[in-house]
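Have a look at these structures, which come just after this line.
After this come two complexes, each holding chain A, first together with chain B and then together with chain C.
And now, the complex of A and B:
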């Protein structure tokens, strides 16, 4: 494999394109992926004995999905592919990977992290009830398993995935009770010039809304969620929102909730990426140069660096790999790089439009009632989190986490971290940036203590 | 028991049998353990935490059925008969599996 060891984490659209660029340069990268089949989440593949074709599974993105899957299959003889393998730490130039009860510390000269994204979730009173799922989770149930998350599903949140997943459910024959968007419609109109950077994607969004309305699904914009009803034994029974001054109730046994996605940046964090606060999306993001360099032989591509979508992930994954190759002293195609950078700029403009049209509902989160649960892992309420600020005088997120345990449960802050920061900021009456950032901790996901070390 | 998930497509797959809390059920080859369990029931486990504030009379804040389906939230932990923990959303179901929705009793050294 030569003297350069390149490790790529993730085999979604960014990781696949990164691997392709590294192989093209004559190197044999190690590609580590937690899933059993390559494709990532958007181009996630069902088990091998499922029969739906790419058109049925991926709709307008079928050709892209097929290209990712086929191109990765063609790479297999040229890469060291490690599926079902969890990267749980990065330290001192080594990636710590776990697979089937064993763990290995693998040294690298370049680490390209394409770790993807997970749902950004706002806690709504009652969201701990069985039957509440992340929007991405609801889509995975259908795409990878052919199931709906319930018999009557309510979609709650904001962003393009809200409409896409709801429309996919309708098309597959599921009953969709309502699509409840916290963003007011006029924001979409205002963001139209930026969204026009990707006219095809804008048009797709318009068609999704039309399909839902034709199917008779109530689509409400500018809603204020009040409560997800249900009981501890039986789970979800409905959702209540305020809309145009009226209280509206929708009965259902499942809720798919999400407000865009956010980078899974834990591995980048452990690999010592620098983070900066992004006021537009109200979150901390790992910093890179335009190509994806994050310093210390670390390169970031795809939505794991910044959420620009699956199409852009192919661009930024390849760019990150080209940056790594250039830094290793290999020649890269300057024209190709320029073209990729221009593409990335278009996706970035479109993403700004999406953030403007479908904002994270931070005022709603900050005003969540005291008895609502913020941490669904350990059932910690907003009152307990606020008390860590008012009574225990926590000044920032990590301290409040230590006092309240919000961010310390099994999801390790993935689904409460952003909300927790908003609640702390409001309780202290300071800017969100001043509440700081939850530090990443190894292991990034729970691992068994019985892992056996097996280094190469 | 009521099924939480509803199968919409891809239903012509061979059946597999498993046991959940001592009850024998049927799922389909290719199901995740989560789908196998939630097409035969409405929850995966019971939360081991009670709501922190205000003081909750219940010992648990309720039953859980997973959340993210992508291996990120860890809400879908279930246990094998031998006590191994499985993430139901990313574990393929296998014929003859024996699953418990309650964590088998841990044995701690008595140092009192």
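And now, the complex of A and C:
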């Protein structure tokens, strides 16, 4: 038994359920998590001494949040838990984990990556102004630190998180100036049959919208963002959109923006997962079988594989762990597996509905004005990116990066990669798939030159 | 049967050597076709450190390096685009435990001066006064004010575009799978069946060149290796020269430079294997760690910086670390320029100009005898 070295990366809903399955099989997995406390992003916990309870923090998801936190606490004696630890590379059957300035190479027989998702952000003219946050960032401020990103916050984007985060702000007593959704309402109607695969979640969405309207928050659908206004001294001052032929302006000192989320697939990439283009969501995704096998002893669970939501993450995290256990020669419960696969299928249908109802606004992105900044880290404008295609003849994403510096900064294309691919595709008049995918490189997140090995 | 694409010179390999050779061949009026498996400058030419460094090269290579430095200086006008060449100096240092290097530096500086390269030798104190970020273990240094660095991601593509403007055919995404001499012409076949013909063939295919030379009966052993590269987040621009260590130990050979944007590019220490057949190379994390370790010794202040990306590439090394440059020993009309062994970037444009001169006129003043392919014929 001691020969089976299982590493789980991430302690969100997928990682916790994966760890539970591995412990149930009699193994002691290593659970590595970047956060100081388990829960992941959606069930992120405030520091120990904060007082807001689960109901206030997680609303309708309080019971699930509590279950995840309590179940993980019960696992602690049976796992090797390594919080505040960054997996910065994977190579030759070893995970490279960094903690407090030191790093070590940890060997594995099975690597279960439950790395979650991050915001999918579309660039809007003016979004480099101070006070512009991603929806996830706005939520983290609230959940982990109990503070809002501004006094009067404008929510801009699309997807369930847009409404959820806005409603959480309202509930926490923050002023929400407006919720501005780029997707038209009729798409939601069209997607209703798929969304009905998860009636409870659909109903939650309806309630969020109702709560926002009751609080007097203007909710506009089918908007076209024009500009985020602001200046370098004072940051954001407002947002201008076009809506039903009219120009509307909303004053505010902060913007939370996002268009759903996308897998954090950097670790999977370094562990040499295969990626394929997904036309429905217009992005490259790591490939797995139905259980989460990605090959080379790599298993993917949760939103880090496919964005199916937090509830589904509990299912796919467990499935990925069961696949790993089966491949290690351990017996797994076939009935349980079948049930989990059926659950996953329902969430997948629902996720398709969400993608249809709240699409990534690729046409808006492709048409972004020349003077808008695409890559905030490197301050690359749409004009500079387009010139790398038209003048320097970049034909794909990596080349455009080399020539224009788009995606070459601190975030390594996490926030501009999808948008820049759309702009390159439009500039070349080719399909998005033909612009390729930014090659993944370590480190997964920045590491200091002072980092020292402590295992040799 | 599709039409055969004919030109005066065919070049296999669209790296810095091939693209600059194409540019200078067009200047001399020859028609040129560059055949590149992937995109121009994507392999070793685009992934290297970017040192435009003459000091430390073999003395007999300095005429070639001097020719190259003139091209680097003129590159904005010559190419019509900025390849971020900065003539901001190069400092080569040695550590305390290798005092014998001071004598070697002095000897080298005397010989280099005869070749037109002025080097200033600096003692530990003078060195730290000038470059206060050097670590306490640094014993001495040799400073070259007229060396510098450039952006490898931009250089070869800029030569390719300039060559294309002069009328060269730059054919990307075209892997040559067979080449032979048929009568007066070399006949090249791409993986999709397209054919190219030319009476002159120049091989500038880096780590892949040995295989191509093999088609003509020339057995040239090349070892594909992968450099360990890293880059930090941008910080205010403060370090002008490129910096490197003089040492016989590969693991100690770290080097760094700061680009105008502010990022510090790190290279050196242990290299890894690379896989030319798969077009793949990987940075091994353990090599990144030894690189950091030796860098901290060279410039302790850099320890506080965050590295945001690592990368590697595929470089072709010869056993004696010298390139193969010149005509084939076996087939007339066949020329080689490859095997630059991780040290080709600075001399690249000079290699292109020299090969163009050699091909167009049959001769060059640049001494090439050290690079002859005949040294492998045993």
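In this text, the second predicted complex is superposed on the first by the 454 of 456 C-alpha atoms of A that agree within 3 Å, B and C clash if a C-alpha of one lies under 4 Å from a C-alpha of the other, contacts with A are read in each partner's own complex, and residues count from 1 in each chain.
Going forward, a residue touches a chain if its C-beta (ideal position, glycine included) is under 8 Å from a C-beta of that chain, and two chains touch if they have at least 3 such contacts.
All of these numbers come straight from a predicted model, not from anything done at the bench.
Participant: Spot which of chain B and chain C makes contact with more residues of chain A, would you?
Facilitator: The partner with more contacted residues on chain A is B.
Participant: I'd like to know which partner A:410 touches here: chain B for first, chain C for second, both or neither.
Facilitator: both
Participant: In the superposed arrangement, which partner chain does A:392 touch: chain B (first), chain C (second), both, or neither?
Facilitator: In the superposition, A:392 contacts chain C only.
Participant: Does chain B (first) or chain C (second) touch A:380, or do both, or does neither?
Facilitator: Once the two structures are laid over each other on A, A:380 reaches chain B alone.
Participant: Return first, second, both or neither, reflecting whether A:402 touches chain B, chain C, both chains, or no partner chain.
Facilitator: Once the two structures are laid over each other on A, A:402 reaches chain C alone.
Participant: Check the residue A:447 against both partner chains and state whether it touches chain B (first), chain C (second), both, or neither.
Facilitator: Second partner only, chain C.
Participant: Looking at the overlay, what does A:150 touch: chain B (first), chain C (second), both, or neither?
Facilitator: A:150 contacts chain B only, not chain C.
Participant: Would you sort A:134 into first (chain B), second (chain C), both or neither based on which partner it touches?
Facilitator: First partner only, chain B.
Participant: Identify the overlap between the chain B-contacting and the chain C-contacting residues of chain A.
Facilitator: 378, 410, 446, 448
Participant: Taking the touch rule as given, give the residues of chain C at its contact with chain A in the complex, in rising order.
Facilitator: The touching residues are 39, 42, 46, 81, 153-154, 157, 161, 232-234, 261, 266, 282-286, 288-289, 292-293, 295-296, 302-311.
Participant: Any idea which chain A residues touch chain B in the complex?
Facilitator: 34-36, 41, 46-52, 118-119, 128-134, 136-138, 140-142, 144-151, 172-174, 231-235, 253-254, 264, 370-371, 373, 376-381, 383-384, 387, 404, 410-411, 414-415, 445-446, 448
Participant: Tell me, which parts of chain A touch chain C in their complex?
Facilitator: 88-89, 91-92, 94, 96, 103, 105, 378, 392-393, 395-396, 399, 402-403, 405, 408-410, 412, 441-443, 446-453
Participant: Under the definition above, what is the set of chain B residues touching chain A in their complex?
Facilitator: 4-13, 29-32, 35, 39, 42-43, 47, 49-54, 58, 60-75, 77, 85, 89-90, 92
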